[in-house]
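These are the structures, in structure tokens.
Heads up, the next two complexes both have chain A, just with different partners, chain B and then chain C.
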Partner chain A sequence: MKIDVQSLDTFNKLAHEGAEEATRSMTQMTGIEATVEVTKISLVDREDLGEEFGRETEFVGVQFGFEGALTGKTVLIFERERSSEIVEALVPGGNADESMAQSSVEEIGNIMMSGFIDGWAEYLGTTIDHSPPTYIERTGKDILPGSPDTNERDQVFVFSSEIQWEGENVSFYIYMVPEYEPLTKLMSEHRDEEADAIPVEKLAAFNQMTREGTQRAAENVEMMSGIETEAEVSQISFAPIEDVPKQFGEETYVGTAVEFTGIPSGFLLVLFDEQSAITVAEGLMPMEMESSELTDKHKAAIEELGNIMTSGFVDGWANVLQRSVEHTPPRLVHDMGQAILDPLAAQLGQHQRHAFMIDSKMKTEDLEFESKIHALPNEQELRETLDDLDLDRADQTEANVDQLF
Partner chain B sequence: MAEVLIADDSEFMRNLLREILEEDHDIIDEVENGVEAVEVFKEQQPDLVMMDIVMPIRDGIEATDEIKNEFPNSNVIMCTSVGQEEKMKEAVKAGADGYITKPFQKPSVIEAIKDVVPS
Partner chain C sequence: MKVYDGSETDSSQEEEPERVKVGIAEYEVTTDSATLTTSGLGSCVGVGLYDTKTGAAGLVHVMLPVAEEMDDGKPAKFADTGTELLIEELEATGSRRRDLVAKIAGGSDMLDFSEGGSGIGDRNIDKVKETLEGYNISLVGEDVGGDHGRSVQLKSVDGDFLVKSANRDDRTL
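Now for the complex of A and B:
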């Protein structure tokens, strides 16, 4: 089954417009002015679904099942600690009565999500029924419904939108997790026959190769720093190129950027939050540092670690594809996430309107340490790469140096 | 005591290699790119070059190719983060005598050097 960039774009727009319709409904009901910041489609390992919500943050919201041309589950959620502000906006004084608060969340969810689902039904020229809302309270990734897919595939498609309450530090999230087969069938039916299409199973295989690359990068971190590190998330997402920098927000990162050439070409970033950068850099250095702030020595260590992690990440692609992927020496970056991404997205945006992002995350259990790897390949070349990908070689990510020397 | 030239654009990695090697080897110089590696090699002709691949100005494979063309008996070990088979084949073609992938531990570096420069 094949899908093309046009159908990915169409379905992403449907999700985005659905989120905008849901937001308009909310504004009408509550007066809350909000905007849809980012909408993206991701292909993600089933077990990684919702990892971005962490392990401790409590969420509340509503969940629906839907069925028809598309079948699956969708949720509208927000952080529990913000729920009182939202309930107050909905029903002034409603926080005093817990059942009233719950009922108001259910009702706004019902109205918002009807708007979200209706746009899909309209585009597909059919009906999509949804169940009554169920109020949910859960922690971290458990807030998401999981895939209802009965075939137990390893990977699932997820549509996610972030809605920002203007002037407030409050975000709403809409996640839609459709069953894999009906969704890919629909996307395949809506593709442009003339366009370059991507075999969906190759996209999944590439995602798996990326996961292995992240695992190798995590092993490299562990070997160099002694910090036990695990690969956590690996996903391919698709979004308009102008939305890519927004996903990185205003948090400050330290890391490396490289440009890679060959097929595919593009950019690769290894990013640490500042505390993680200090922690891992000190793990790399033989002597204890006196400064608890980032010094030039920390940065030099991060630069080399970024270089080694980059290679660990892309070498698997090169070995499976039996070609070389060159990359420039790493350039140290230290800035707000959005500011780091802006020039890279602008450069790619000269040739493409959409971007595939390949995202990975690794972290440790005990230490305050988290690192992310983001690849931003040239869209056309990634499609060529996937076309050339031999699925029978997809597990041959390691080269045997002893055979050659 | 073998004379060693370290070619790597990362100061961190040059220091690490120096720490590993200086007990048993004479580090004659450290350089940051392929152009400097060729220049220093021609001037000093050390017993061994520990050569990174991804470096600015000129990469380690091109530098190895030039050194090996002019000094066929020279010894070059690629010391790189790149673990791609195609890149390893390019290194073989350029004449590299060994290949160590980063991150490495001291024993693997010592072992690779013993294979290339027997004491």
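Now for the complex of A and C:
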């Protein structure tokens, strides 16, 4: 089954417009002014779905099933800590007792989600039925619906939108997890026959490659520090180019950036939040704890670490692709996340309107830190790479990593 | 695009001006003393326009220099069309071009890997300045270039343009 950038864009827009419609319904009912910040479509391992929600945060919201041209599940959720403010704004006095708070959440969920699903059905010129809302409260990634059990695939597409309540530090999230087969069938029907197609199964293979790259980066960290490091989560996502930096917000990150050349070319970032940077620099490098602030010594350690992670990642790719991938020396970055990403997005944005972003994560059992690797490949070249990708080879990689690396 | 005309403002909020966020490739205009904010400017540029007579204000967050190179129906994404659009939208709320002044921030060259020639940040700044000149709007403040990110707040109560950076002191233009 083949899809193309056009069909990914169309479906991403649909999800975005659906989320905007849902937000308008909420504004009309409650007066809450909110904006849909980012909508993206990602392909992710089923077991990693919702990994971004962490392990401890509690969420409440509503869940729906939908059926028809598309089948699957959707949730509208927000952090439990914020739920009383939200319920109060939605339904004044709604917090009086728990069942009332719950039914307020259900009611607003119902209104928002009808808008969301109707938008899809209208565009697709078909009907999509949805079940009544179920109130849910769960912790971390469990808040998201798993992929349907009938689905054998180990990767799922997920549409995610973040909706921000203006002037408040409160976000709502809409996640839609459609079944793989009907979705890819619809996407392939909506593709432009003239355009360069992407075989959808190759996107999944690319995710596997990214996992191998991250694995290799983790091995390098382990070799340098002696600390066991695990590669986690990898996903490929697609969004308008201007939405790439938005996902990083104002939080400060420390890390390295390189430009890689070859096919595909692009940018690779290794980023730590400030606290992780301090922990990891002190944990991995023989250095004395001098200050709880990030010092130049910490930064030098991060630069070194970024360098070996980058080489590991790039080597992993180059091996699978059997192409050489060169990269520039790493540049140390320490700034607001969005400001780090925007020059990279702008450089790609001179030639493309959308971007594929490849994200992966690694962590250790011993140290509390998280490191994220983000690759922003040139879109056209990524397509060429996927075209040339020998699926047997990618499969083989999964079967026997040692042989290849 | 939303124009904030005050009809939605709660009277209890009078002391604290409403804050309106402007995303990448977006713009907002206010005639209602709101504070317009945008964050995470790297090579992007935040262009603020302020009407010295009426207090109307507008802010656009542009990403790339020239629309022609990559036209995709999002004028606020580009330095040239974004600046033009902001001027026109302020005029549409009753502002006169001669009463407008401009303040800009951003356009850093951090992480610019382009070889030779000037980077995107510089080109964004040049294009914004050229467009403002073309409309005879004076640039009365700027905090641009360098290799760090910035966030800005345009306070339409007094036209102050506050520039914040991750590792530097705040600056008011």
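Basically, the second predicted complex is superposed on the first by the 385 of 405 C-alpha atoms of A that agree within 3 Å, B and C clash if a C-alpha of one lies under 4 Å from a C-alpha of the other, contacts with A are read in each partner's own complex, and residues count from 1 in each chain.
Here is the rule we use: contacts are C-beta pairs under 8 Å (C-beta built on N, C-alpha and C of every residue); 3 or more make two chains touch, one makes a residue touch a chain.
Quantities reported herein were computed from a predicted structural model and do not represent experimental measurements.
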Quick check for you: in the superposed arrangement, does A:369 touch first (chain B), second (chain C), both or neither?
neither
Please indicate which partner A:248 is in contact with in the superposed arrangement: first for chain B, second for chain C, both, or neither.
second
Identify the partner contact of A:351: answer first if only chain B is touched, second if only chain C is, both if each is, neither if none is.
second
Please work out whether A:328 is in contact with chain B alone, chain C alone, both, or neither, and reply first, second, both or neither.
both
With both complexes overlaid on chain A, does A:284 touch chain B (first), chain C (second), both or neither?
first
Identify the partner contact of A:307: answer first if only chain B is touched, second if only chain C is, both if each is, neither if none is.
first
By the touch definition at the top of the document, which applies to A:319: first (chain B), second (chain C), both, or neither?
first
A:342 contacts which: chain B (first), chain C (second), both, neither?
second
Determine where on chain A the residues touched by chain B overlap those touched by chain C, and list them.
328
Contacting residues of chain B [partner chain A, same complex]
9-13, 19, 54-56, 80-90, 92, 96-99, 101-103, 105
Per the touch rule, the chain A residues reaching chain C in their complex are 31, 33, 35, 37, 164, 166-167, 241-243, 245-246, 248-250, 252, 257, 259, 267, 328, 331, 333-347, 349-351, 353
Touching chain A in the complex, chain C uses residues 8, 18-21, 23-25, 39-44, 63-64, 69-70, 72, 74, 77, 108-114, 119-121, 148-151, 166-167
Chain A contacts chain B in the complex at 216, 220, 223-224, 284, 286, 300-301, 303-304, 307-308, 310-312, 314-315, 318-319, 322-329, 398-401, 404-405
